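What follows is chain A paired twice: with chain B in the first complex and chain C in the second.
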Partner chain A sequence: MYGKDILRISRRALLATTGAALAAGPLATALHVPKAFAQPKTLRIAAGEADGATGTLDPALSTADPDAARINLVFERLVVLDDTFSAAPQLATSWESNATGDEWTFKLQEGVKFHDGEPFSAKHVVYTFKRLLDPKTASPGASSMAAIDPAAITAVDDLTVRFKLKAATVEFPALIANRFTYILREGQPESELRTSGIGTGPFKVQKFVPGDDVSTYVKNESYWRAGLPKVDVVELRAIPEESARIAAIQSGQIDLCWDLGRAGVEELQKNPDVKVVTTRAPFVLTLSCWADTPPFDDVRVRQAMKYVVDREQMLQLVLRGLGNIGDDNPVAPWVQYALKTEPRARDVEKAKALLAEAGHPDGIDVELFTSETTPGFIEMATLYQAMASEAGIRVKLTKAPSSDYWSAVWLKQPFVCSSWSGRGADDALAAPYLSTSDWNETHWKRPEFDAFITEARATTDVAKRTELYQKAQQLLRDDGGAIISVFPDALGAVRANVSGWKLHPQQSTKDFSEVSIG
Partner chain B sequence: MSKMVLTRLGMALISLLAVSAIIFWCVEFLPGDAAERILGRNATPESLALLREKLHLNLSAGERYLHWLTSLLSGDFGTSLVADRPVLDYIASRIANTALLSGFALILYIPISIGFGILTAIYRGRFTDHAISVIVLIFMCLPEFVIGILLISIFAIKLAWLPPLALIGSAQSFGQLVELMALPTITIVAAMSAYAVRMMRESLIEVLDSSYVLMARLKGLPKWRVLLFHALPNALGPAINITALNVAWMIGGVVVVEAVFEFPGIGRLMVDSISHKDVPVILAISIVMTGAYIVTNLVADLLVILLNPKLR
Partner chain C sequence: MSVAEIDPVASSTRARIGLSASGWVGAAIILLYVFVAVTGPWWAPYGATKILTGSPFEGASLQHPFGTDNLGRDVFSRVVFGTRSVLTMTFAATILAVLAGGMIGVVLGYLRNWVDEIGMRIVDILISIPTLVLALLIISAVGNSLWLVVVTVAFLFTPRVARVARAATLNVVTNDYVAAALARGESTMSICLREILPNIMGVMLVEFAIRSAFAIIFIGSLGFLGFGAPPPTPEWGLMINEARANATNSLWPVLAPAAAMAVLVIAINLLADSLSRLIDQQGVSPAKGDK
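Then we have the complex of A and B:
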């Protein structure tokens, strides 16, 4: 009935809309600030862990993965780790210890400058470590470096630093190659460290505001390693949703990302515009039970729980083959000091027999906590439930929220999924399994184990030290409360025009200085 | 009418106070505190104690609420516990982003809902009506994130016309900004228009069937005049109320849409702040959201009154 009149109405509506759009134009442009540079090469990278309000640039307080990326852009350490977790030089050129391994002297790189022009020297190293170990700083890294005596860190001369240790530590250089020991500039006010730290690294902070969605870094023109970095600007953001991260790299909204899941990698392998980057990593996925709590307090029960695992199947179904098999030992077989064992084969009959021997002829009922907090937890727990049921281990799965899994479930429940980022042998053994560790997730306390580690740390002879570390691993493998069936590879991706990037098996090490575009 | 506005504003203040108290105590009941959430896995008893002292978390809940309220009265929203920056500055950029998204959505939403509403009403029972009604019903039934993911997979991945994520921090020009905002805007409009179109159709049909429209036609007025000046203003009432609710919903944060498109809006900030137990930020956002509901509804009521001489 009104058919013909419609045209007029929609024309009016159209005009009204375009008017509104034009009016909104200036308002909208005023809201975003970034200016165009003269053709800078911008590398856009996306971390997989949420960033947000907790973000920090302060190495002593960094805990999240985007923090690690940020810190690696701006700062450098004395020592870094190579692919097998042996120490390699960065700001230190060489080091030596006294015969007993409790006094270490580091020679520093000459000609390095901080971003503000201040020459890098020993006093900055002394300042950094003293601050890190100061209880007022409350660094989560302080406890792992308790061997250092903060009062006895001295600048011998401008380019020589000496550490006196409270206890002999033969692996001291590797011990300080962690995520907390990046060298700060002495004299920078404490209040600036969270958002605008001055380092010696390849990039300078341009804009980082915790809680904003993107932070930017610009090339350090006077970087000490010639020819680096190879891009002018780095934009860092976090895209926690994996499917969103994949869509972003497929469409070219970002150039580089990591923390990809197995399914995502398969999707990206089909795309010619994207290159998948993988690295063999000793990242530990574990099912951890309290060795002092029934029914796990009987070693036969713990062994039965290990015998039910079909490790090859775990690798294929949980990781789609992108990883390596573990043998209930947190030190992966290719890492320095590793004990190489034939992975325990699945043996349901043996598991049943062990359970019966331990007084559980009808099997046991256990509750396993899992969560989406680490990729693979859900799959690992579900598959374990199926494998264990055949031996009469009835697993009740409880899926906990990922937001507070590490504060509300981990270390609070007797049987949980847990994960540890890749680390060297000593750290991988000590952090979760020493009796005195704050993070003893299996409540497994063996003085012999502690003694092996302490003795190894003080043994200068490599063969003897290796033997001690291996004895500790053997004990843990046979008696401990951790079921470690797989080590997932680290997975990342770059756009096809990006080169020079490698994922480091130590997750917190992220070197972007050699990445180039085009 | 000014008396009504004043009463409503008075009520609004009371509502805001009540909301802040309720939210504060609800957050109190959540397990853990900001210090635990910040330190996460690496917390040690000593570092927790130090941080709690720094953030004044060792004061009692009552003291903290009173302190927050008194500083609010002097215009200070406090400092974010986690991000360590002034709350106002922190949420302002997110509110600006959300306002931008809402603005883009409204620009599309108003002509679409009114236009489709008119079309379905005047072609009622015919093909156009059925086709539009079915499409609108489908969008009404689909959750926003499904629409969002569908749009991403079609327009960003398959056809590669538009960027999948609204990473607006990287926009260099207004054109780029429009491109980045296109998919989330369309998603919101699709999810939001459905109710308004249906509401518009129903009320317009009712008005078109009324005797005064018949009277107007019999007077010999042109059809478009009858439709635009006689029928439409009387049919807009319900649609305006729906629009007010929709605008408040958008300002309150379309969390799901923000999450799908990685859009840095107020909704995700709220969710993140809750998971960090960042109380000052949570309270400030609640107040902004509540305020938005109150104001948009007030504006809607005023508009309805203006359109209807009987209520003036």
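Then we have the complex of A and C:
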């Protein structure tokens, strides 16, 4: 089965690359012209991760990039994050908490309607969160919102919702501004949620068949924000192959794409038909090892593995300089609550000494899984192999197919390349590293760390809270199993006739309502 | 026989023994590859996996005849290092396939009884399965190692070789010397090895050359699809795949291994073509001599 997938990708890549390179320029522009007349304005967008038969529109189960894209077209949340990762209103207009931070009240936007005409009100919010937290839903996001008491989410009146929390959480609005909390319509059968959800968002589902190449969304004529959206139809496809995506935007086969790697950006910058869009993002590229599995179960081995990395070289070679250096801490230095440290300098001798101390004087042999699924994985793994070999860490690279990397390799192999979209400090620490997290990719379980996070969430004093988050980061940086050397900038591109699009550093947030074309 | 009669025969014999010009070109190129494969590691300017031998995506220069790739590795050195594994894998797979397929084909062609019938139907079934799909299936089921690739390719080519060997055998078994050997009471094995095999050697040689060319492309395809050697092995197919994403920055890392592969395949085909013509002519001449 996955052999077939690979063939499909390579065929598509081949068609796109050769076709685009040979014929595209003038021909595509010529074909493009009639689109401006008569026909509805269609925005063609392309996600950068494979979209297979597991694709979904159900926000509670969203994992892949194409999922996030279509959910953003159809649904909206109470709260969104602005580009500094602090909470901003969307379907909620305002919020307040009690003095202890364990009871939160949200006022909702008036006059919002679901796609089927049903007015948006508090009961839909209650339904959404109860469903999300229900163990039967099995949402991977539920654990990060475990503080919410599902039984105590109440509709105070039509436009007021109250959450009671099991533990005080002062960052609660930001905590629920994640990829899972999009508001569903109460009463829609569970079976429809996967492919034809009803939301309040700017677009309605027209056609989405998981596994099909293109899904289509049409304008929501009664969208509550006046004058939006600015296009009539959105076509979403997934082009996981980066060169194919670049060729597609150059040839005008798509109008907008994101999740670009570094390689093609220089070329795109030279192309007058394409505009490159970038933003500084705390997107995490990491090499993650299981801290409970030999040889990684010794902290000295983990530290040795961190000391061999030349972070500046990683930045230049993997990201072509378009990014920032990381220090094995998933919270980027400019994000609120970040621990600002001097990035660990490369020290091969120190790494060798640590390995010897840990009982590996002749070095260690490890197998690192990599894939083309996220741009930069192959380069990062190859570079790491070269850097690590000097300290006696012999890395055997195994390249896994990109179509099922996240289901068949990630969380299943002890040493993998992984990536995390940009998040605020709390989420960046909690989602991968809390011992209770479903996504604990490093098997690193430290009660002290969990305690820091829990306590920080309940601390109303900002200085104290910052200190707790920073202690957690320090522990993770020194002891954890993640080698985080770089934060790539988010890169995207649009055709020159597309305007109004901003990349969001929280990768799962993609607002297409203000994009206009032509 | 007069001198005048011998002369044309002698000159035509000389012409027959020599390869055509294109055959010589092919042979020379193959020899060059073998030379590179054997001696390359001693004179290649950089290691195959050495990063930052220059800045990334450098064009061709004296330091980097084929430029550098995205990690600043020297493409020329990687192509040179890759030659050895490509040639070893190709020839190992082809030799295995020709030995196994040849034996099966000769025995079945000689027996021509129910064993032949069953054997050939099995061969037909194996041939009817698309090679690449079957190869991906085997490799993803069993695992991913260089020797497995060799064995898989050999396994896929064996029924095809067997078919050719059997066809060649059918032409030979009707000859009187086979009947004579049978009358002398020689064993089946001895007839296959001593009477038939030497007389289909030419066909098998050509088959070997053609299969080698296929094997290079096939192994390259597996590497390209990520089913051959893991990165950063300097395997040509894998190199093309890795460099493809950066083709807009520099074409050298794509073109160099692709060209190396193409030239080798063309050379083998030239030689195979020329060999087969040579053998056709020789195949005709003993018959003439008999008369």
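To be clear about the criterion, the second predicted complex is superposed on the first by the 459 of 518 C-alpha atoms of A that agree within 3 Å, B and C clash if a C-alpha of one lies under 4 Å from a C-alpha of the other, contacts with A are read in each partner's own complex, and residues count from 1 in each chain.
The definition used in the following text is that a contact is a pair of C-beta atoms (placed from the backbone, for glycine too) under 8 Å apart; a residue touches a chain by one contact, two chains touch by 3 or more.
Note that the structure is predicted; figures quoted are calculated from it, not measured.
K.L.:
Touching A:E266 in the superposition: chain B (first), chain C (second), both, neither?
P.N.:
The answer is second: A:E266 touches chain C but not chain B.
K.L.:
Looking at the overlay, does A:A138 come into contact with chain B only (first), chain C only (second), both, or neither?
P.N.:
first
K.L.:
Name the contact category of A:G211: first (chain B only), second (chain C only), both, or neither.
P.N.:
In the superposition, A:G211 touches chain B alone.
K.L.:
Let me test your reading of the model: by the given contact rule, A:T154 touches which partner, first (chain B), second (chain C), both or neither?
P.N.:
neither
K.L.:
What is the contact status of A:N98 with respect to chain B (first) and chain C (second): first, second, both, or neither?
P.N.:
In the superposed model, A:N98 contacts neither chain B nor chain C.
K.L.:
Can you pull the chain A residues that chain B and chain C both touch?
P.N.:
Overlap of chain B and chain C footprints on chain A: residues 2-3, 6, 10, 13, 17, 241, 243.
K.L.:
State the interface residues of chain A toward chain B in the complex, per the touch definition above.
P.N.:
Going by the criterion above, the answer is residues 1-6, 8-10, 13-14, 16-17, 20-21, 24-25, 27-29, 31-32, 34, 36, 44, 50, 52-55, 63-64, 135-136, 138-140, 143, 194, 209-214, 235, 237, 239, 241, 243-244, 247-248, 250-251, 253-254, 403-404, 406-408, 410, 438-439.
K.L.:
Okay, in this complex, where on chain B does chain A touch?
P.N.:
31-32, 36-44, 46-47, 50-51, 80, 82-85, 90, 93, 96-97, 100, 103-104, 107-108, 110-111, 114-115, 118-119, 122-123, 149, 152, 156-157, 160, 163-165, 167-174, 177, 222-224, 227-228, 259-262, 264, 269, 272-273, 275-276, 278, 281
K.L.:
Flag every residue of chain C that touches chain A in the complex, lowest number first.
P.N.:
For this pair, the touching residues of chain C are 49-52, 56, 70-72, 132-133, 136-137, 140, 144, 224-226, 230-232, 242, 244-249.
K.L.:
Taking the touch rule as given, give the residues of chain A at its contact with chain C in the complex, in rising order.
P.N.:
Residues 2-3, 6-7, 10, 13, 17, 241-243, 246, 261, 263-264, 266-267, 313, 317, 320, 370, 372, 375, 378-379, 381-383, 385-386, 396-399, 401.
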